[in-house]
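The following pair of complexes shares a single chain, chain A, combined with chain B in the former and chain C in the latter.
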Partner chain A sequence: MSGAAAQGAGTLEVVAPGPLTTVQDLGRPGAFRWGVGAAGVADRRSLGLANRLVGNPAGHAALEVLLGGLVVRARTDLVLAVTGAATPVSVDGAPAGWSSALVLPAGSALRLGTATAGLRAYVAVRGGVAVPPVLGSRSRDTLAGLGPDPLAAGDVLPVGPEPEQLPRLRTAPVAAPAAGTVDLRVRLGPRADRFTDPGALFAGTWTVTAQCDRVGARLARPAGQPPLERSTTAELAPEGVVLGALQVPPSGEPVLFGPDHPVTGGYPVVGVVRDADADLAAQVRPGQSLRFHPAVRA
Partner chain B sequence: MSGAARLLPAGDRAWLLEPADPAALTAFARELEQDAPAGVEDVLPAARTALVTLRPGADRDEVARQVLRRWEALPTGDGAGTTDDGDGDGDGDVVTVPVRYDGEDLEEVAGLLGVGPAEVVARHTGATWTCAFVGFAPGFGYLRGPGARLAVPRRAQPRTAVPAGAVALADGWSAVYPRRSPGGWRLIGTTALTLWDPAADPPALLRPGTRVRFAQVAG
Partner chain C sequence: MNGGPPGGEAVAVLAALFDPGSFAPLSDPAAGGPPGVLTGCGTVAGRGVCAIAQAPGAVPEPAAVDAELRARALAARTGRPVVTVHDATGAGTARGFGELVRGAVALSGVVPQVAVVTGAADAERALLLPLADVVVATAGARSALADPAAAAVVTGRERDAAGLGGAQLHASATGRAAHVAAGGAEAGAFVRELLGHLPSSNLATPPRLPVEPVAGEEPDDELEALLPVDPAAPYDVREVLAHLADDEDAPLELHARHAGGVLTGFTRLDGRSLGVVATDPAVAGGSLDAAAAAKAARFVRFCDAFGVPVLTLVDTAGFVPAGEDDPGSPTAAAAQLVYAYAEASVPLLTVVTGRAHGAALLALGSRHVGADVVLAWPRARLGARDAVAEVAGEVAQEVAGGGARPGTGEWAQRVARREALASPGAAVRAGDVDAVVEPGRTRAHLARWLEALERKAVTPPARRHGNLPL
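Entry: the complex of A and B
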């Protein structure tokens, strides 16, 4: 991931990557013919906001930081912004703004503490993270093993040329991700007819287990609440699945698919989280509860 | 005619086309790839369905109408897209995959079919296979071999690691694992051919419609 930066562009050095930091942009839609999914950033809204704060186009590649812990040093003068999970931010040890444009002179270090709410923080840099794209995207697809490797200490990231546009806002007054029960709207189908009572999805709550990554989040019922019951155990031929799908294995406890989900699945999908709520789902931490609501047909 | 089909909702940004007869799905996907209705982002044919994904902001209902109309208008007969796509774009060529039939499960497969290992090899090399769809992993083509008589179930316990190039059977399909990965298919051989290289153009050797012959090579 090292290598000479383009002329006139900057560089950013990774001092510590935290538990998992990947490069993400809007993914690689259009590659199904190769068995490749769209993948891409988990929380699109937070990526877009971070890019806006530094004056980038919304889809420029940035860093997706699981739970914080990232330390990066500017090797050239850079403008950065941190959004997404509520994360303490400091520059050279001095507290700095979350969801704000931050100027880092060459040699300065940006440090993210541990997130207090939300799961994924985003660090955008003016000019974008300019690692070479793979099949049209700089996103790491963790399941398919495509795109740049997760960051390691010592990596040097090229930063692209500054966009012509200047940043137009210094801070964005957005709320941090919710810490309690998160409400998500779900459109039933395509395989709701394979359950005795698909509406049971909307009763009570579901808990996000520790099995939660970019591929998906395994959900469990709190004590006393029944799982979903499949009306048929007949096997389903593999079929295409989407971001936000609630795929139900024989246990009756769904897996909520994230961006790096497999392109096809063999268990029935009872419903799919609404596209507009996928960003909320991307910020839910293990241990948090979800409540699903039927989507009203628009 | 391609026949009756229903469209199932798959979230805000996709429809799942489920025809009564899936034979024309590969041809349908190829046609949509070449000339997609407005608002369609991509199409993923699978065993019995095709997933049609939508661009942000696309009109769901209009896309649904267009997809059904295009399915119904598909100018295909029996077996379209499963044997010879005949669309003249060159992908009708046959890819030959050299195989050493040294798979760990070859004896077991032979036992399940009630034949000897040599007959498994003869059936596998005797059939012309067609990639119906690519799924599970990048470059992993599900190969359909009409008349191959090699339908065996998956293993009860998937392996945690199947090596790249493993040639396998399951549920009537054949496939080659493009990279090392977990897998539950039954392994009958190994190929040295590269099926997946993200730096190459195209990155995958197989795509829906590609025809495949397996050829035995000395181990």
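Entry: the complex of A and C
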């Protein structure tokens, strides 16, 4: 029995994918020079936690579920964990633990309700989601169209061989993502000199608009707060951009780049959210407020 | 300018707090008293309470500080709670402030002290807030010890006094404000309800309301339906508490937005006032971090000081695993919680409603640490570690001894067997739990034990005072 499991006989069937569920791992770092972005999981911390809860190595692929709504059925006995956005979890209709190792017996269905806080839930399965990798990663890059397609009802996902490590804890006591204003630290530049007052970024709050996906989130200024004005409308030659970059088109409403950001951009980048805060940014929902703080003090 | 009469919000606090027409001024600027402070006594639901309301303005005259001291002294002599409305807006500290601090400390544990902040309690005045038993703030209130200019130089961050210590910050991050009310009237109403759960002084008993006898009630079948079968699944602990209480209102919560893994507040059972400490399975699995342990510890000591029995509901993923050097000194905070329960002389009732493992089992109203009665619901799971951790430990030993690693199916069966072994029945045999009770009959059990423990008396050993692990 354990021999069969070691060959990776596990399978998971998608009953309903919810609004958008993609397979994600740590992405394709190092391929930038060929025009391939790193992409990968939006909230690395939550993927890592989900993987640790089921005993997986940190980089195993899992499901990134936008706002919940996913229903999957086990075809074999599986161990799963749900982390990230705070979503009601149920197994065959009975409430189950969030941020906990849970057993999904063959034939049972796991359902995620709608997230009450946070944007992206992660479902890790012991052994990892073992779809074929593309350029070394199982991540879906939604901008480039690389990697496995977003999940559709009826998809059958292979599960990889069981890792050595058994689950070591039932529940990880972690807080759900913040529902209020989220604070992010930003290093100004590289093009802060293209703005009348780049420090206006740090005044007041910004609201995440409905234009928010894995590529980026457009931010709007609540009425009465100072705008972020560009001092020149002269175009830049396209230059490389990174995760967390705040690129500002002529409208003055920045786009906060997510994992599937374009490899280059032509609008000036006023600042970059610290890499350590990228996980927080990945859980901010449309309508939620952001406050930026200078990461380096004068 | 040394301030005139108290401002509108402070007046609104007193108006909502006291029984109509009951407030009699002791020192009133309008009647020739020193400007800057109004003091006096009145009744709250028929019981005497002293109040001090500061007026907005600059540093009060020493005569105004004297008036405050006189009101506190009267409260001490007559055994009445003191409610202080902080509304100072000027910088600087009056001469005589040290005596105010000393007076607050002298009254600690003698009469309930409530601070209501409607304006500012900055600089040295900020010290008076943690010295009160409960702090209620209005939405626009603030309190910061540090000088904003000095803080800006040191931190490089320009923040005004509200940025350093606004009401929202004190409600969540610091936990200094037990409650934030929209305005003065709401704050006064909250304090009125709070005082209804407390005795006038440590020599009195909390008021008991006349109610129908609990013993005559039918078992509560709805409560059982609220509880998930999976011990790791979250549920609404406030709704559970509403079922256990006399009325369906959720408890009067203190510090609801600070350290949400544990809930603290007052409720009523069989007409008696009851302090509740309940882990919240919907917040990080009801786990305890340093802030949650300190919050619960302070609340247990508050209840103990004023003779309010403590009901502890336990369903927790345990203490948050933390490094010893993590912020907040988690082990010291856990020790404060154990100390608070061990030291308490009020009736201590514990219901293990779900998971209780390891140090959390010990720290939250354990029978061995001093709880009088520990009940458990059939869904409770008790033990040194959760079943997943137990099996991982066992397998690691087996593998080290040359054994095979179980596959997923076998592992799941072993976890399920382990979980069955952690039943509350086993905990009764082990002496950790007194009895397993149905959720629907818990109210009746608790009412009976509260009755039985009504005259609980503990003679403390002769000592100056214990050394709480601060």
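Quick note on the criterion: the second predicted complex is superposed on the first by the 288 of 298 C-alpha atoms of A that agree within 3 Å, B and C clash if a C-alpha of one lies under 4 Å from a C-alpha of the other, contacts with A are read in each partner's own complex, and residues count from 1 in each chain.
We adopt the following convention: contacts are C-beta pairs under 8 Å (C-beta built on N, C-alpha and C of every residue); 3 or more make two chains touch, one makes a residue touch a chain.
Since we're looking at a predicted model, the values are computed, not measured.
Superposition of the two complexes onto chain A shows chain B and chain C fitting side by side, with no clash. By the touch criterion stated above, A:144 is placed in contact with chain B alone, chain C being left untouched. Angle at chain A between chain B and chain C, computed from CA centres in the superposed arrangement: 150 degrees, to the nearest 10. By the touch criterion defined above, A:75 lies against neither chain B nor chain C after alignment on the C-alpha atoms of chain A. Of the two partner chains placed around the shared chain by superposition, chain B is the only one that A:269 touches, whereas chain C remains out of contact. In the superposition on chain A, A:221 contacts neither chain B nor chain C.
In the overlay built on the shared chain, the residue A:170 is in contact with chain C alone; chain B does not reach it. No C-alpha atom of chain B lies closer than 20 Å to one of chain C in the superposed arrangement.
No residue of chain A lies at the contact with chain B in one complex and also at the contact with chain C in the other.
Within the complex, the chain A residues that touch chain C are 1-2, 5, 10, 76-79, 89, 91, 94-103, 105, 126, 162, 164, 166-176, 297-298.
Those residues of chain C whose C-beta lies close enough to touch chain A in the complex are 156-157, 228-235, 261, 283-285, 287, 289, 317-318, 320-321, 355, 386-389, 391-392, 395, 404-412, 415-416. Interface residues of chain B facing chain A in the complex, by the touch rule stated above, are 8-14, 16, 18, 29, 33, 41-44, 46-51, 53, 56, 133-142, 179, 198-199, 202-204, 207-208. Residues of chain A that touch chain B in their complex: 29-36, 38, 134-135, 144-146, 187-191, 237-245, 262-264, 269, 272-276, 295.
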